[in-house]
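Going by the order they are written in, the chains are A, B, C, D, E and F; count residues from 1 in each one.
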Amino acid sequence: MKFIQKEHGNGGKQTYELINGLFKPIFGSEILKRGDDSSIFDLASKKIGVTTDSFVVKPYFFKGGDIGKLSVCGTVNDLAVSGLVPKYITASFIIEEGFPIEDLQKIVRSMKEYADIAGVEIVAGDTKVVEKGSCDGIFINTTGFGVCEKEERLPSIEKIKGGQIVIVSGDIGRHGACIYSHSSELGVEEKIESDCAPLNRVINELLKNVEICYMKDLTRGGLATALNEIAQKASVDIYIEEDKVPVSNEVKALCDILGLDSYYLACEGRFVAVINKEDKQKTLEILKKYNKEACEIGWIEDTKEKRVYLKTSFGGTRILDMLYYEMLPRIC
Amino acid sequence: MQTAELIWEIKNNIEKIGRSLKVIEVCGTHTVSIYKNGFHTLFEGYIDFISGPGCPVCVTHEGYIDRLVELSSEWTIYTFGDLLKVPGSSKSLSQARANGGKIKVMYSPVDAVEHLENNEKVIFAAVGFETTAPAFALSLEKVIEKGLKNVKFACELKTIDEPLKSLLQNHIRVDGIILPGHVATVIGVDSFKFVEGFKVASVISGFEGYDILLSLLSITQDILNEDFTVKNEYKRVVKKEGNVIAKGYIEKYFERTSAFFRGLGLIPGGGLKIKDEFREYSIDMSYDNTKQKDSLCRCADVLTGKIKPFECPLFEKVCTPISPKGACMVSQEGSCNAYFRYGKWKGR
Amino acid sequence: MCLGYPAKVIEIFEDKKALVEYLGVKKMVNIALLKNVSIGDYILIHSGIAIEKIDQKEAEEIEKLFGEVQDANS
Amino acid sequence: MKFIQKEHGNGGKQTYELINGLFKPIFGSEILKRGDDSSIFDLASKKIGVTTDSFVVKPYFFKGGDIGKLSVCGTVNDLAVSGLVPKYITASFIIEEGFPIEDLQKIVRSMKEYADIAGVEIVAGDTKVVEKGSCDGIFINTTGFGVCEKEERLPSIEKIKGGQIVIVSGDIGRHGACIYSHSSELGVEEKIESDCAPLNRVINELLKNVEICYMKDLTRGGLATALNEIAQKASVDIYIEEDKVPVSNEVKALCDILGLDSYYLACEGRFVAVINKEDKQKTLEILKKYNKEACEIGWIEDTKEKRVYLKTSFGGTRILDMLYYEMLPRIC
Amino acid sequence: MQTAELIWEIKNNIEKIGRSLKVIEVCGTHTVSIYKNGFHTLFEGYIDFISGPGCPVCVTHEGYIDRLVELSSEWTIYTFGDLLKVPGSSKSLSQARANGGKIKVMYSPVDAVEHLENNEKVIFAAVGFETTAPAFALSLEKVIEKGLKNVKFACELKTIDEPLKSLLQNHIRVDGIILPGHVATVIGVDSFKFVEGFKVASVISGFEGYDILLSLLSITQDILNEDFTVKNEYKRVVKKEGNVIAKGYIEKYFERTSAFFRGLGLIPGGGLKIKDEFREYSIDMSYDNTKQKDSLCRCADVLTGKIKPFECPLFEKVCTPISPKGACMVSQEGSCNAYFRYGKWKGR
Amino acid sequence: MCLGYPAKVIEIFEDKKALVEYLGVKKMVNIALLKNVSIGDYILIHSGIAIEKIDQKEAEEIEKLFGEVQDANS
């Protein structure tokens, strides 16, 4: 078995060999292959969107994906929920010496696979190697660019107002639960499958058919945190009905076992959308083609407390706040 | 029966009683269940929920944390996640870890022992009530079996009866008590008989929403009937005599000691310590439990039901889950924390 | 702290361990505090340790009342 | 003193507070402040260039800069040497719990300072916190976008041919030597100052006045590695005259002390340019305004061995190959 | 004097001698100086440079590396950077570190000791010739003074005289020898008197380009004059008797032992070992030095001047600094490595 | 391995240490192997340890010959 060594990151001969022998053949982008200090290309429009994320998930292979797939989906999804068509991605690696090259290959292939599925091209990259103990296996940064096809279609926080409804694109908490289920000390037999997936297709179909007032992908902090961010930015209140929020049995089980709350568990292939009431049927029709669990979960009120409230199964109402606590394992 | 009917019946009973009720629970898991299910809003005007000193994290003295922080530079501290955020006089365990202290979060003290290696220097932060005590007893047994010489227990286990007596005797007047279902699972219904002497409606309860509702129904009926015998709503689990094996484990390894409870002070017989014959597995945790940081925190009043969290002048303004000024805000099961996070419907 | 969940015993192992299932999630737990545990029993787990068997008759009564289930897979 | 804790990275309340309380006020970008999943803006042209780099330098404060300044300069320079005008930058942080918030503030301020100097706006960001021991203090990824002002001015590897001359923009090896000088065990009293600096101004002036056939900034692997990459890609040979390569006494000293070779030491504010002979005077005139040590160091030959040769002080000729060895401390 | 004149004079002398000369150096720092300055191209057709077994890394047996790799799981190995890349039979120290072995690169074994803590388990990989031996002697002295009980030395120090004798007696016929200036600084000019018996022009040389040129001039003049006394070009540093204090340190802590040299085999008196009275500071490094990996590597022939690196069939094709097949390619001071990296002018 | 560099003694400390300067870079070295070291002396350093004093008369002769300098700051 071959391992990453410090020389793979010193900028010299072995870095060159790693880039030309591993990254470029897998990524296969013509732009990337030029290997210049910057990658130059023509955009389809002058209005672009950019997003960046670093991925530090542990374990880096998990049920339903790996850090490579995650790093592509995460960035693609940030672009997609902003109403953009994801086009280009950069990939920057920080690797611990001793990392198995075979694993790196798997991760890089997985990035390529999901880049293809999402229709994005990997156009620039970087690799740093740090000594043993200076990072935890592998960290990946991806930065993505999307173009705006129709400006008036762009979701925007200003479009949110009272009376609109809140939709979730599928059952929540799978990715977070997946990562917990991998914790060896916990000893869960069959791991829970992550929901990690690119969302650009379903979103693209939505954008073409209904007016999406606002969207947000559910990542760290889960549904509760995403909704709170929306309430804050839009200066509205959001009401969620506990009974309507789709949560799988497995995720529920893990929450009970660990004393966690599924509203705060990360997803990596789910989003919430705020839409006008009249678009509900059409929206759900489209969403359900991709995920049967998609459903309406609540509504917007103009009361401007900037709070999220949860209507409980028993008819009570309580605050659903942002995440305050450490969710222990690393999830993205 | 529908839950709606059940709620209607409880409210109806309270209307018959003719005043709003003060109901206390002494288990953090009950606190969370009540707030998460929104019962605090559902029974507004009917029931005033008080969270007593039943969260082991909330009642822990900061001296215990300080000592663990100190030890974490040399020993690996195994702790439940609950304890991570509790501030000591200078640092929490979480802050100690950020500064290089060796802190590990465990899910189970028994599983944790199985993964230990021979020479690892490990301290188990043993906190909890009788529900958790058998787990640490089993853990200690395994340590002895495996011959691990560098594993110690920082024992701060608590008992439920003595603090509850002190609470009812000296601090509080309530109409009903929701008794801790999982403590009762271990110690049995009979161990709560002493509550009857206080002439208060009491019921051992499970933790699901319907368990709480059934318990509230039992309390309201008992008040109407002036029936002060301890009821057991959690029959599917809790037995008259409890779990005899589990109790045996506790007796084998631990003995009663006096223990500090935030809000209640030092309570004779309120804690468990490792028996002398096993003292080589116990680490000295002695701290001065008479000294406490000066603070405007009114935790003690909250824990004894004298005020509601939002009546504390620090609540929400300077005291939040991120920078808690008192133990009731630190623990996710603390009453100030639950109140902060799950809050009241429309404003506070 | 006193969190618990009910789970069904799937398999019993040496050294007082059992594989249990709860809402489709399977996990090893310690059963040293219980006697006469059989496959199919429901047990209550706290911090990885079974602290009591669950009385199925009582549980079913609750189930009848609220239509709630102890275990979605039962 | 306040420290970064795991909660600063969980996506919840404290992440939100860190972003809104520390990053946004310092970076001050209107685009960034919107805090959406993607940052959307209008570009000046449809031809853009992109580059990405992760920075893992240790120590993160060094004489002449810090990891923040470096992360901005490194990316600005990659854009500049490609002939682009740097416009936007994204910043993604991986931080170890326990990291002093005061240090983070200094680093972020330094990013802002050099972003302003380079005229770039920080438009998107991300923060991950990993547990103690899972990374070494702080890692920063920056990804930059530049626009192309005049396409015919873009330097390109195809423009390189025999007879052209090679220019270096200043003395070499300062950044690498600086990082070595910080090694505590080595015990050097006064640290050597890094050359870390943004190059976009000098390059912009050059591009407007002379034809730059090709440029490359000197980073990891130093002058030797950059020249070898050029020789490889352009299929030419490059001849360098040892006596002409500017190296400061301090850098020479450190090389002698440690047995290193200054040709392989990293720079972070130097570049090589290939120009036509007739542009030499004008080029050096401009370069010397920014750095007196700028000078001609060699020439291109069409012999196509793809090698770099060094003419030694004594009149010998030897190969100057890429870096083969580990240069021990982390430098970028 | 201009260097150009000097070069002209050397070439002129060689023309007078009437044939090209074989000149050997036995110090890796000389090897690098010759190639870096391009003297191999400058004197092409005049001087054939041979790099003898004077790089301590090149001559080290893979068994020594294997043992260090093995030890690195428990001990922290302190090593000069030079040794990191040398392949053992399965791993180099660098690979061991990548897989979690505790390896630390040091600049100075004396400074390193000053930073050690009381209980650290450290092994110093002591390699080098007499130049470096006093540094390890000082280091050992400090370890004893500080009372560090967990610090050991893996002593593989070499001497220069015995291998040089063996080389001249059994392996090689050369016209001139450039003698190692820094070894001579420690052991003195007189220690090289034995070379005179081999009737070969010899000169102790410094390491700057002009030092090498002056030494080559000396060699060509000596050949012309048939003068085989040892010359000292490095007078500004090297004394007749060497550094008496440094020699004293070597004698105090080390004694002669037989040692393995790649290319020369086992040489009686070719190494230094820690004296018995200090054996508690020595770690057992015994390995089978009769066994060596089967390999097409012709290092031994290169080190003894029988072939040039490019005459080895593996050179540049399968053997490169990144995947070295022999010790001469591993070390930055090895002759195959120098030839690979600094090469010949226009093709090889 | 046998790398060395010449440096000028700037300051002498207890415990056989000296601060030296070489081409503007200052560094502490060990001088336990030398006797009678004075400020202003030039010494040869190998792996952090001074292994010999440098004879300035000889060094200057070389300097005269090649115009090279031992220390740019001298």
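As a convention for this text, a contact is a pair of C-beta atoms (placed from the backbone, for glycine too) under 8 Å apart; a residue touches a chain by one contact, two chains touch by 3 or more.
This structure is a prediction, so every number in the text was calculated from the model and none was measured.
More C-beta pairs touch across one of E-F and D-F than the other; that pair is E-F.
Interface subunit A/subunit D: over half of the residue numbers present appear on both copies, so the contact uses mostly the same residues. Between the CA-based centres of subunit D and subunit E the separation comes to 37 Å, rounded to the whole angstrom. Distance between subunit C and subunit F, defined via averaged C-alpha coordinates, is recorded as 78 Å. Annotation for subunit F: residues touching 2 or more other chains are 3, 48. Multi-chain contact residues of subunit D, defined as those touching 2 or more other chains: 5-7, 13-14, 131, 186-187, 259, 321, 324-326. Along subunit E, residues 3, 94, 107-108, 111, 321-322 each make contact with two or more other chains. Looking at which chains touch one another, you get A-B, A-C, A-D, A-E, B-C, B-D, D-E, D-F, E-F. Across the complex, subunit C is touched by residues 181, 186-190, 192, 249-250, 252-254, 256-257, 259 of subunit A.
On the side of subunit C, the complex with subunit B involves touching residues 1-4, 30, 32-35, 44, 46-49, 51-52, 54-56, 58-59, 62, 65-66, 68. Interface of subunit A with subunit B (complex): residues 183, 185-187, 258-259, 261, 305, 309-319, 321, 324-326, 328.
In the complex of the two chains, the subunit E residues touching subunit F come out as 1, 3, 27-29, 55-57, 80, 82, 107-111, 127-129, 131-132, 134-135, 138, 180-183, 185-186, 207-208, 210, 235-239, 243, 245-246, 249, 333.
Of all the residues in subunit B, the ones that touch subunit D in their complex are 94-95, 97-100, 321-322.
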